[in-house]
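The two complexes that follow have subunit A in common; it is paired with subunit B in the first and with subunit C in the second.
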Partner chain A sequence: MTRCIHLLLALAGTLLALPAMAAPLDRPALIAQLCGNAGAMGEAGAALLALAAAGSAEDRGWAAPLAKALIDKKLACDDTGAVLGDVDAVTRAPRTAPDTARTPVLSLKNRAVFETADAALALRSAPDTDQRAAALRTLERRPGSLPEGLLDAAAASESDAGLRTQIETLAQTAALNSPDMAKRINAINRIAETPSRRALTQISALKADPAYASDAGFRQAVDRAVGRIDRGIAIGDTLAALYNGLSFASILFMAAIGLAIIFGLMGVINLAQGELIMIGAYVTYLVQEALRHLVPALLDWYLVLAIPFAFLVTAAIGIALEASLLRHLYKRPLMSLLATWAVSLFLVNLVRVIFGTQNLQFETPFYVTGGVPVIGDFIFTWNRMFAIAFAVATLAITWAVVRKTPLGLNIRAVTQNRDMAACIGIPTRRVDMMAFGLGSGLAGLAGLALSPIYSVNPQMGQNFIIDSFMVVVLGGVGTIAGTVVAALGIGQINVLIEPLWGAVAAKVIVLLMIIGFLQWRPEGLFAVKGCRK
Partner chain B sequence: MSKLSRRSFLQASGLAAAGLASPIGMPAILRSAQAAGSVKLGCLFSSSGTMANLEGRLNYVVKMAADEINAKGGVNGRTVEVMVSDPASDWPLYAQSAKQMLQQEKVSALFGCWTSVSRKTVLPVVEQEKGLLFYPLHFEGDENSKNVVYVNSPPASSVLPAVDYLMGEEGVSAKRFFMLGSDYVWPRTINKQLKGYWKSKGIPETAWKEEYVPFGFSNFQTLVNQIRAFADQGGGQPIVVLTVVGSSIPDFMREFANQGIKATDIPVLGLDMVEADLEGLDTSKLVGHLNCWAYLQNAKGAANATFLKSWADYVKAKNVPFKGDVAIDPMVSAYDAVHLWAMAAAKAGSFDIPEVTKAFGGLSFDCPSGYKIGMTAENNYVSRGVFIGSVNEKQGFDILWQSKDTPKPVPFSPYG
Partner chain C sequence: MTRWTQDRAFLALIAVLVIVAVAMPVLEPSRYLTNAIGQLAAFAVLALSLDLIWGYLGILSLGHGLFFAIGGYVIAMHLLKHSFEVTGTVPDFLQFMGWKDFPFYWAGFGSFPYALVIAIAVTTLIAGVFGYVSFRSRVGGVYFAIITQALVYVAMLLMFRNDTGFGGNNGMTGFAVVFGWPIGTTGMITAMAVVSVLALAGVLLACRMLVGSRFGALMLATRDDETRLRTLGYETLRLKLAVWCLSALIAMLAGMLYVPQVGIINPRVLSPELSLEIAVWVAIGGRGHLVGAVIGALLVNAVKFWLSSAAPEVWPFILSGLIVLVVLVFPNGLVDLAKFRLTRPMGAKRLATEIGEAR
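Presenting the complex of A and B:
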């Protein structure tokens, strides 16, 4: 029964579409246009789009691969026409492109047209439901540029019920300028359901419409929609500010937590901390490359699989550094500062000589790609979420290690009173070494967490060193809680100031605020009782 | 080893770096060339610091050009020797290295600087020492020194044609502009000129917005939010004019793509974006974003094929720590610069800087870009062609548009 109705609808759709295709499609002419200049290509793109709405099934099937071929630069033009992969673009008979063939490049304007045309053709004729759903998502971005009848025809022939509802919803949204007042009001309500600044601009423009003055129902619908969108945007902006602040804070925290152990607990001003972060990122890269060659199936999970490697390698470097260099300099803080600076220069140049100066190429697994729009203009991006989750996990583990393990107990004991700790039999030398290893390992984890967000190159460590010292000093040297609160504070304040006075001012203001705060409370937010000196 | 050189050497690299950096030719500055009959050229490009990945490769391209000249018998019967320094992306150090090269090494010409701020620090030195600096970057203009050859283009023949293209029917009919730059002289001057230009076209002040970030800025989350909000206000097609430099470029592009903004929604015109900035990025999400330069790697023609082949061969033969299959505009401009200098010196029959300067008028060279670039006696600017590139999936740029010929360079902008 339902199938019968579908058939009837499809038939009706074809009949309705018939008048639009008075002339049969001139295929060679269309291909010639596709190989023409930017203007001709634009016309061809518009023709493809019209074809998607009103062309015969056969023509649509023929045209389906064309737009995609242009986008992917797979169409080779020569004197006699064009070659699509290994077949002739017009006849689809096997043919190879001559060496003299050229591949047309889409201008930006035409690219938008061809993306829409490709999605429109796919929505009508792609065999796979997922492909059609993806096509619909592309079309949703530009409801204004769709030809009349496209969505109705697509809805009529759609076999998947859920997708059909989505197409009908989009069709209703597109009816904003329809002559039918009920459809218009319906469209307004539909648009207001997904509030954004773009929707607000679109709906606000209707206040200039003659119907706004004459039709009370229309006016009410517009006003209600504007109010609703305004609320949505306000909520979205608040959430976005919180999320941005939190994600920046998680980055600051990851950069600073290792230093909080090394500088905070041990009192070593480690200027090589940024380079340890950089090495963590390079270890992640090496794990990715190893997986690529050994187990390509697991490549997407390299970020997770690299966690132990990033931690252990940097921890080992830290321990080696402590054992060979810094243990001799504990009594001379200035010398340890210079020594770690030399180490940082050494590490930068070592990596530069081995890997070169260019940014490393990281795969972006699905769990750190893109984001979902939530409400208003707030987009929940997965790479930032990954950093936040990673920071939370790191915080939990660090806290557990320092508070709940014998090692943590020893570290705290040595921090509070080194001589007394030694007297009761704590091996202070070994505790120093382990603490330094822990701090370095945490820096390595920071490098891993930051690689989906920032560019990874030998210089990257320098970006983090000032920020991490800022966080550690503000938090109160040596407290994990202080590090967390300071990172959250600096991150949030930065994000709030940036849109108001710009990024440069934000940086200066935050620095001044920290200086002011330290004048008032030199020990930072959370003071630790008893220091090693 | 002189006292001065030892000090700058220490500042540039630190003792720890010295051993490892030597393959990059760091100590070359200390090696006083005694070889009789050679003429010295100096390079002022950083091999360390934030600009290392970009500037570092220019040292090698200058050496490659010198090798080409030497293979043809040198200039005026003398072989060309290239001295390299490392100002470590530290602006005052450029001036110091320049002074040292001019006073102690007596170089006949300097090739160097990338950022405008480094050029500005070197400028008084070359003027005082009566040296000659070839500057290979496109830049903000508004400067004309007889001691500097501006090998690349001022905004009138690079930025304005690109912005014109985007505002035109064939481009995207851009109506609104978000200017985002690093906070220093080049972005600020370019944006000032652009604002003047738009004003002259009758575009209202509400149609643009200007934001600056500190050097090395990487957290672009809120700024991309601002760009989205700006674009959604309606009022015509928005574009981003991007003048951030160095590592901020890939960080911005990554965040832009990750928030789901495509080039067909809001195109970015990256004025300092070169092929090397795309290394490491997933460019399939960035396809369509734009840049404008006097050379793109995909330029057609035999001159480019020859250049790309010699660079690939040179990288292989000399074990250069950069990719042999990536060429960027400043590399080609530095290469052009060495050849222009050699032609001028040959024409003058002398290496004296006043004589060489006098010989500039009427010089022309077949640039790898495919254009015949030329100099006039009027000023030290070089007329170059203009390309607009569009990011492709393969971390390169497709040529979207190129100028018919080489526009006459206008040093001082009427719009600033």
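Presenting the complex of A and C:
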């Protein structure tokens, strides 16, 4: 927001400044100066530099090769003017230089001016981003010798966002050290408009400036800017904490929702849930590799294309698990706990044997790369946004399945009272199987959502299982609302405590809070009556 | 009748343990074997502690490694402090942190009775507080299992920190002397193994007496129908708390026996996996049977010892297969196997009652 205003101001400033400065350029006179003595060449260099800042686009295009030609000794002067390679320097009509032509040589002092002018012209009119970036690097070395308005004009016309930011930063630095006090104060205010820790260091350094002690206006401006930046950083940090908490909560939610459905329905804690998450991530990896070999053009979209695969593979594993193992154990939830642990052990080692223990390499598609700086040091990063959006979509779909479909109706009925549901003809066995498949498939989706953020290896499941248990215990048996609220709560608490005392303390405090909470409500936030095992 | 058959297996096991304890110094098996027997005995004590609370009270703890670790860490602190007093070298982990001396809370650990008192006090305190708040709000079953697992996990994260003064992620190692004798000699290894086997026999005997008593009957009644027992006027909270603390203390004892024999303790003993494995030993041996728990722990760990050197990548598959087999085919663990084998001549009906009772 502030950035946009900033840009508009810069643009407006340039537009106002241009007509006043633009005077018709006397091209033959300039060429004559270039061919003149050292003093004349110096004037020509300054003229070129001024041209880069305030000349018309046409003039700048015309002048662009001149400085470079002079540095490289490619300008041949004769009586009628000069020849640039094989064209006339003034008219750019084809012409060959006579044998009598001489090549002007730059003095050491003029060379610096011409290098600056060359870079300034390149920054304004080079077609290639890399060339402009190189020109900017040259200019960064001599911020003091740049003509006024050059950087603002360059920033306004720059198309590459990253380069534009660099140009603006240089413009600020140049203005900050300008001899003109009004300009300095103006620059301070402009830096304060985009608060960040770097801006704070930049401005705070000015307190050591002699002007800070002598000039009241300057001191006031610096103090005001520091206060403003401090506020901006504080707001940014708060937003960043909230955003990180939200993204952590969405990952917790993804990991826990499948667990919650299975737990609520059958009282079975699925200790293999973490491994189903891991398998979801591995399926995503396989889809990525398959795309790389078969349709490389679609490689960037593997995260989207893998969604059905991740869901179906893990759901199939879940259904197989239920049908072969867990259906024998419904009356013995503690034994099913051990059985699912055996499954998790098996899956971890199977994956370890097949794929090895190293982390998988994932492409980062453009839609999860980078982010938008908002305020202070808070960057709205796309990979976290991806996880949040994915969790919200999963929440919506799960909610719709559980609330709006016949399967969901059956699941809710069996969750509330298994025997009664069986009595009125609900096929509880099949509902169990489908629900287990749904819960497992959701774990697979969690694995997919995690793969651009976390490292993917056979051990990854174990990192989530305890956290997702906590969510389920806190949220209460198998309610979506409970899972959402518990995930949000635990996610935010974690993120709030972590910067203060570290990740371990956050885990300890969350556990103690949950134990304390269970004193008050032993069945969690949203307990469904009559299904506690 | 039931008691007689069970006692027969029990007496046989006690006899075997005593014979092993006597035979080891006489026959002098290899150091490796002696050491392995001692470690197995420590694990069996650990399994007994869990069987007491899970098999006889129906409370599954997936965090018993916590109490095991308390015993292990305290004995390690004692051994290091003791070694320091004899040899004068500060342990590596303190040098690594740049500390010249032990932190203040290590004071007094050079004395074994003090260390023992601290271990008992800490175990009772943690088990007591945690058990009280859990049992009071009637957190049970799967909920309790999950919370205990989270507890041990959090403890692991804490101990992984290097600035706690407990060895951090490297743990504690380099014990030189036990009660004034050098630790690595064959005689010391044998002595520690004998002590462990005798301790196992003693704990087994004590547990047997406990579950055979009137108190044991109350434990079974609590497991089978706590509500009814409460209605009848029994205070089950106190009973559960007492058994829970006792179980924790036995687990702590197992840790004290185990650590001097392996010569190292690190936060891995606090990983949720180890605590889950304890439940697996008990389930495989047969929960609700003290003898079963001991045999389960000995068997699983013996196979693990053998396979983790012979074919380390196969072991997890074997373990998971074993668990699934036991859970599906032998719901009462190896005790079910005994039903087919040992007791066929005795009449199936009587045995059916016995098994049913112990469930």
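The working rule: the second predicted complex is superposed on the first by the 361 of 533 C-alpha atoms of A that agree within 3 Å, B and C clash if a C-alpha of one lies under 4 Å from a C-alpha of the other, contacts with A are read in each partner's own complex, and residues count from 1 in each chain.
Just so we're on the same page, a residue touches a chain if its C-beta (ideal position, glycine included) is under 8 Å from a C-beta of that chain, and two chains touch if they have at least 3 such contacts.
Fair warning: this is a prediction, and the values are worked out from it, not measured in the lab.
Enquirer: Putting subunit B and subunit C on the same copy of subunit A, do they fit or clash?
Expert: In the arrangement built by aligning on subunit A, the partners subunit C and subunit B clash.
Enquirer: Of the partners subunit B and subunit C, which touch A:312 in the superposed model: first, second, both, neither?
Expert: Touch partners of A:312: none, neither subunit B nor subunit C.
Enquirer: Once the two complexes are aligned on chain A, which partner has more residues of subunit A within touching range, subunit B or subunit C?
Expert: B
Enquirer: Tell me which partner A:511 touches in the superposition: subunit B (first), subunit C (second), both or neither.
Expert: After superposing on A, A:511 lies in contact with subunit C but is clear of subunit B.
Enquirer: Would you check which partner chain A:25 touches, where first means subunit B only, second means subunit C only, and both and neither mean what they say?
Expert: In the superposition, A:25 contacts neither subunit B nor subunit C.
Enquirer: Of the two partner chains, subunit B (first) and subunit C (second), which one does A:369 touch, if any: first, second, both, or neither?
Expert: First partner only.
Enquirer: Looking at the overlay, does A:360 come into contact with subunit B only (first), subunit C only (second), both, or neither?
Expert: first
Enquirer: Is A:459 contacted by the first partner subunit B, the second partner subunit C, both or neither?
Expert: Only subunit B is touched by A:459; subunit C is not.
Enquirer: For A:413 in the superposed arrangement: first (subunit B), second (subunit C), both or neither?
Expert: The answer is neither, since A:413 touches no partner chain.
Enquirer: According to the stated criteria, A:269 is in contact with first (subunit B), second (subunit C), both, or neither; which is it?
Expert: The answer is second: A:269 touches subunit C but not subunit B.
Enquirer: Once the structures are superposed on A, label A:205 by its partner contacts, choosing first (subunit B), second (subunit C), both or neither.
Expert: first
Enquirer: Counting clashing C-alpha atoms after the superposition, which of 59-67, 113-121, 203-211 or 293-301 on subunit B is the one that bumps into subunit C?
Expert: With chain A aligned, subunit B clashes with subunit C through residues 113-121.
Enquirer: After overlaying the two complexes on chain A, where does the subunit B footprint on subunit A coincide with the subunit C footprint?
Expert: In subunit A, residues 341-343, 345-346, 348-349, 353, 462, 503-504, 507 are touched by subunit B and also by subunit C.
Enquirer: Where on subunit A is subunit C touching in the complex?
Expert: Contact set of subunit A toward subunit C: 263, 267, 269, 271, 325, 328-329, 332-339, 341-343, 345-346, 348-349, 353, 462, 466, 469-470, 472-473, 503-504, 507-508, 511, 514-516, 518-520, 522, 532-533.
Enquirer: Flag every residue of subunit C that touches subunit A in the complex, lowest number first.
Expert: Touching subunit A: residues 54, 60, 62, 130, 133-134, 136-139, 141-143, 145-147, 149-151, 153-154, 157-158, 160-161, 272, 276, 279-280, 283, 313, 316-317, 319-321, 323-324, 327-328, 331 of subunit C.
Enquirer: Subunit A touches which residues of subunit B in the complex?
Expert: Touching subunit A from subunit B are residues 13-17, 20-21, 23, 48-50, 52-53, 56, 166, 170-173, 183, 211-214, 216-219, 221-223, 225-226, 228-229, 232-234, 247, 250-251, 254-255, 258-260, 263-265, 267, 276, 279-282, 287-288, 290, 321-323, 390, 392, 398-400.
Enquirer: Which residues, counting only subunit A, touch subunit B once they are in their complex?
Expert: 38-39, 73, 105-109, 111-112, 115, 141, 196-198, 200-202, 205, 240, 244, 247-248, 251, 341-343, 345-346, 348-350, 352-353, 356-362, 364, 369-371, 373, 377, 379, 381, 383-384, 453-460, 462-463, 494-495, 498-499, 502-504, 507
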